[in-house]
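Paired with subunit B in one complex and with subunit C in the other, subunit A is shared by the two complexes that follow.
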Partner chain A sequence: MKELFPAKHVMGFVFSLILTGVALVVYFMDMSFTAGMTVLLITAFAQATLQVVLFMHAGESTDKGSIYVSVIYGIVIAIFTVLGTLLAMIWGYV
Partner chain B sequence: MEFFERFAVPHPSPAIYASMVAIALTSIAIVIGLTYFKKWGYLWREWLTTVDHKKIGIMYMISALLMLFRGGADVLMMRAQTAVPENTLLDAQHYNEIFTTHGVVMIIFMAMAFIIALMNFVIPLQIGARDVAFPRLNALSFWLYFMGAMLLNISFVIGGSPSSGWTSYFPLAGNELSQSVGTNYYMLSLQISGLGTLITGINFIVTILKMRAPGMTLMKMPMFSWAGLITNVIIVFAFPVLTVALAMGTMDRLFATNFFTTTNGGMDMLWANLFWVWGHPEVYILILPAFGIYSEIIPTFSRRNLYGYNTMVISMVVISLLSFLVWVHHFFTMGQGALVNSIFSITTMAIAVPTGIKIFNWLFTMWKGKIQFTVPMLYALGFIPIFTIGGVTGVMLGMASADYQYHNTMFLVAHFHLVIIPGVVFAMLAGLTYWWPKMFGFMLNERIGKWAFWFIAGGTCLAFFPMFISGLDGQARRMYTYSEATGFGIWNMLSFIGAIGLAIGFVLIVYNIYYSTRYASRNIGDDPWDARSLEWATHNPVPEYNFAITPQVNSRQAFWDAKKKGHKLFKGGYKEIHMPNNSGVPFIMAVFFFIFGFGFVFSMWITVIASLIGIIACLIHRSFEKDHGYHISAEELKKSEVELRGAK
Partner chain C sequence: MNINKTQPLEYSTEQGRLNILGFWIFIGAEVMLFATLFASYFTLFDRTGNGPSGSEIFEITPVLIETLLLLTSSFTIGLGVHAMRIGNKQAMMSFFIVTLVLGAAFLGVEIYEFVHYVNVGAGLQVSAFTSILLTTLGTHGLHVTFGLFWGIMILMQVKKRGLTPQTANKSFIFSLYWHFLDVVWIFIFSFVYLKGMM
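And now, the complex of A and B:
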């Protein structure tokens, strides 16, 4: 029975619905900008990780090592670029 | 008539009219020549529709050489204009257009094309593959690049060239200050060719990761393939930034958006920021393949294996990461605080460490080696000192506080030319000479090649060393003239003489190609340099299927082991080979892209929409097409192998 019922994926599906719901709460509740953005950022990244790992099968093939390395490399470069741009264009004027 | 007025050049001069006539005559001559010699079918079947990585590589190389001469002609005009004070050879607008197109052509259409040419030709052979992973996409990449290059090149006879520098900083590049369509050309041609480059990046990453010969683990890969892998990773991460920035710039110019304007909440320096987020990794996209080429040439002609293979790989990976962390050093003087500048100063200097490791590895490879002074090796030997001078002046520029002195002066111009010329141009010429026998089945003449090398190396030093002095004296870059009292005259005259030396060197290379085509021996075997990597293990000229039997690799230099230690490269018998079919769709699609770009430049929306429909039709055609390629049977393979071996 265990093989027929994909418990992991059903749980993942439920969890992704919960994440979507939590994100939606920001719209309906009267939160400050900072609080709202924090909730959105956390749920967005959790959602993306969930999707990539569970439903895009990132960890299931033999080359999962290189998949994770390239995803992490991409995230690192993106973070550096965004933070560096903010630093140079907005934060860096003392 | 009113319709055609928009195509007029805003600042016509006799030189521009002369080039219009020259372009028209050349086009007519090409058409007549092709018709007279009945070569249209040959051109279409063998070149325009080819998906063979070797032929695509050769087409990239020819285009790159053409662009080299186009950019070189710009140089001679610029250096002639500034050779003496208060010269009136060119007016300010014409000078602006020339230095802009010089930069764009040399970086995007010459250097990029040249590295992709060599990667295309060499990497699949070096890793023992039949072709790249997606041969038809590869053809599309080339044609997109080619059409982008042509789009920029017609700008100076139709509508006017871009004139706000190859960096095209806003607000100068905005509609108010650049009123002609020149900057539209810049945006669209870079966009189209950049798309091609991005596709190449993905194609080569997949090729290198998935198609290596059995036994060739990543750490047994030849160094040029390693450099290719890292380069393409940088391409995939850096080029999307350029794509987005160009799209935003195009919208600012054509649809009145306010991304980079100075009013309505726009941020003009954001263009500079995004440009260099792409632009600095771009520098490493150019230099890493060059490092790879030197890492092939130096061991071959020192008769030693490469010193410090692991550290070479690690340094390249570190460079690829650091290359994304330094871009603000291009605008230290923008006005941001000391903290920001310090951070980017430190990352900039950090990049000198892995680069230095590589330099020492090459020196140690040569140490106690039996060095043969062939033309490729001469370029490698010339590269090390000149590049080091260019590199350490870069570290000087990297000190933010000192940069206020150097910024935007000829000192900077001297620095980046002394890095890019030995780093990229020398490497490309070395690679060209080194792999020429594999491409065309004969070797370039060594004697003429050495003359060319000395003219180019000497010309480089003479052209750019004086700029250090005039730059420190305060000569700003991109000034079309200066007064006699500044005292810059003598240094600029020396630069002009150096530029002529470079020009003679390049003419000698063309003469060398002509001379060697006529007189060089075709009987040179498969491995004329006694080299070490797999591309020399197949026949000369390379058959379309590259290797009749997939080679088995057991070490970092399997071919050398096969020659010296009795390693058996080719095991087993001939098996049927599956090959991709040629296709005209990539070419047709790129023509649509050209029309699309041209229509966009002049805001001719009907043309844009029509060509867009054409592009989408090509995509749909590809989705529904059933193209299974063709097979070369074992018997045919045996026959062709016997023929190729018999020819020796």
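And now, the complex of A and C:
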């Protein structure tokens, strides 16, 4: 039974629960927008990295270079899309 | 067929290895798809018109239940892939079934949430905000729905054919998809719900 629950996976799960708990701080505590967004950005990206590296085994294939390039490319385009839209539609007017 | 015994079963053929790489490229494209939805959501967030705003309709309890269900399902499918690698077909199938049950429960809570939104006057056509909210959540929910059917097909193949390089490869790719849905949910949980209730 024990071999079915490797410590690495259990630790990863516990860590993702802790990160969810930390993110909840912004709901239960009165925080400024900047402080709250900082907490959320850190916890969300930490959780995403945890999933990709630990559970999705991104780094263990012989294709890991290509895998990381395609994921990072997707993330860079995603960030440009979101920040570019915010700049053009919201931040540019205040 | 050339089978590389030094690799886990799902990577053991060149076709299998390239299928996995191809799926990662697909995930990269999915990241961009959800980025366009998030960009639109942030733009339309305060365009509520005569409808309710996010902080008026979001409820923490169903959102937390959904988050825990999806996080746990991501953990159990990880255990499923681990069981597959040590060649334990029975345990692997059990973990995949638990994953799909948790996914179905998630979907149940999300459907309850959508019905609740419509009941409190936040239907799809009420305002730009409710449109983009339900479109973003709905796109993720549709992915989960698709994943449920896909997972059932995978389980049927594993049951019938056992753990071969092909079925192991398909199961692994399905696990990538499922983990990715969890990643998207983490961003929805943080930047739609928690940011909206902050």
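As a convention for this text, the second predicted complex is superposed on the first by the 86 of 94 C-alpha atoms of A that agree within 3 Å, B and C clash if a C-alpha of one lies under 4 Å from a C-alpha of the other, contacts with A are read in each partner's own complex, and residues count from 1 in each chain.
Operating definition for what follows: a residue touches a chain if its C-beta (ideal position, glycine included) is under 8 Å from a C-beta of that chain, and two chains touch if they have at least 3 such contacts.
Values in this document were obtained by computation on a predicted structure and should not be read as measured data.
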Touching partner for A:Gln51 - first (subunit B), second (subunit C), both, neither = second
Quick one: subunit B or subunit C, who's touching more of subunit A?
-> C
Please work out whether A:Gly74 is in contact with subunit B alone, subunit C alone, both, or neither, and reply first, second, both or neither.
-> both
Answer with first, second, both or neither: which of subunit B and subunit C does A:Ser66 touch in the superposed model?
-> both
Look at A:Leu87 in the shared chain and tell me whether it touches subunit B only, subunit C only, both, or neither; answer first, second, both or neither.
-> first
In the superposed arrangement, does A:Met37 touch subunit B (first), subunit C (second), both or neither?
-> second
Overlap of the subunit B and subunit C footprints on subunit A, residue-wise?
-> 66, 73-74, 77, 81, 84-85, 89
Within the complex, subunit A is touched by subunit C residues 11, 17-18, 20-21, 24-25, 27-32, 34-36, 38-40, 42-43, 60, 64, 67-68, 71-72, 74-75, 77-79, 81-83, 86, 88, 91, 175-176, 179-180, 182-183, 186-187, 189-191, 194-195, 197-198
Residues of subunit A defined as touching subunit B within the complex | 66, 73-74, 76-77, 80-81, 84-85, 87-89, 91-94
Which bits of subunit B are touching subunit A when the two form their complex?
-> 209, 233, 237, 241, 267, 269-270, 273-274, 277, 321, 324-325, 327-328, 331, 334-340, 343-344
Please give the residue numbers of subunit A that touch subunit C in the complex, ascending.
-> 3-6, 9, 12-13, 16-17, 20, 23-24, 26-27, 31, 33, 36-37, 40-41, 43-44, 47-48, 51-52, 54-58, 61-63, 66-67, 70-71, 73-75, 77-79, 81-82, 84-86, 89-90
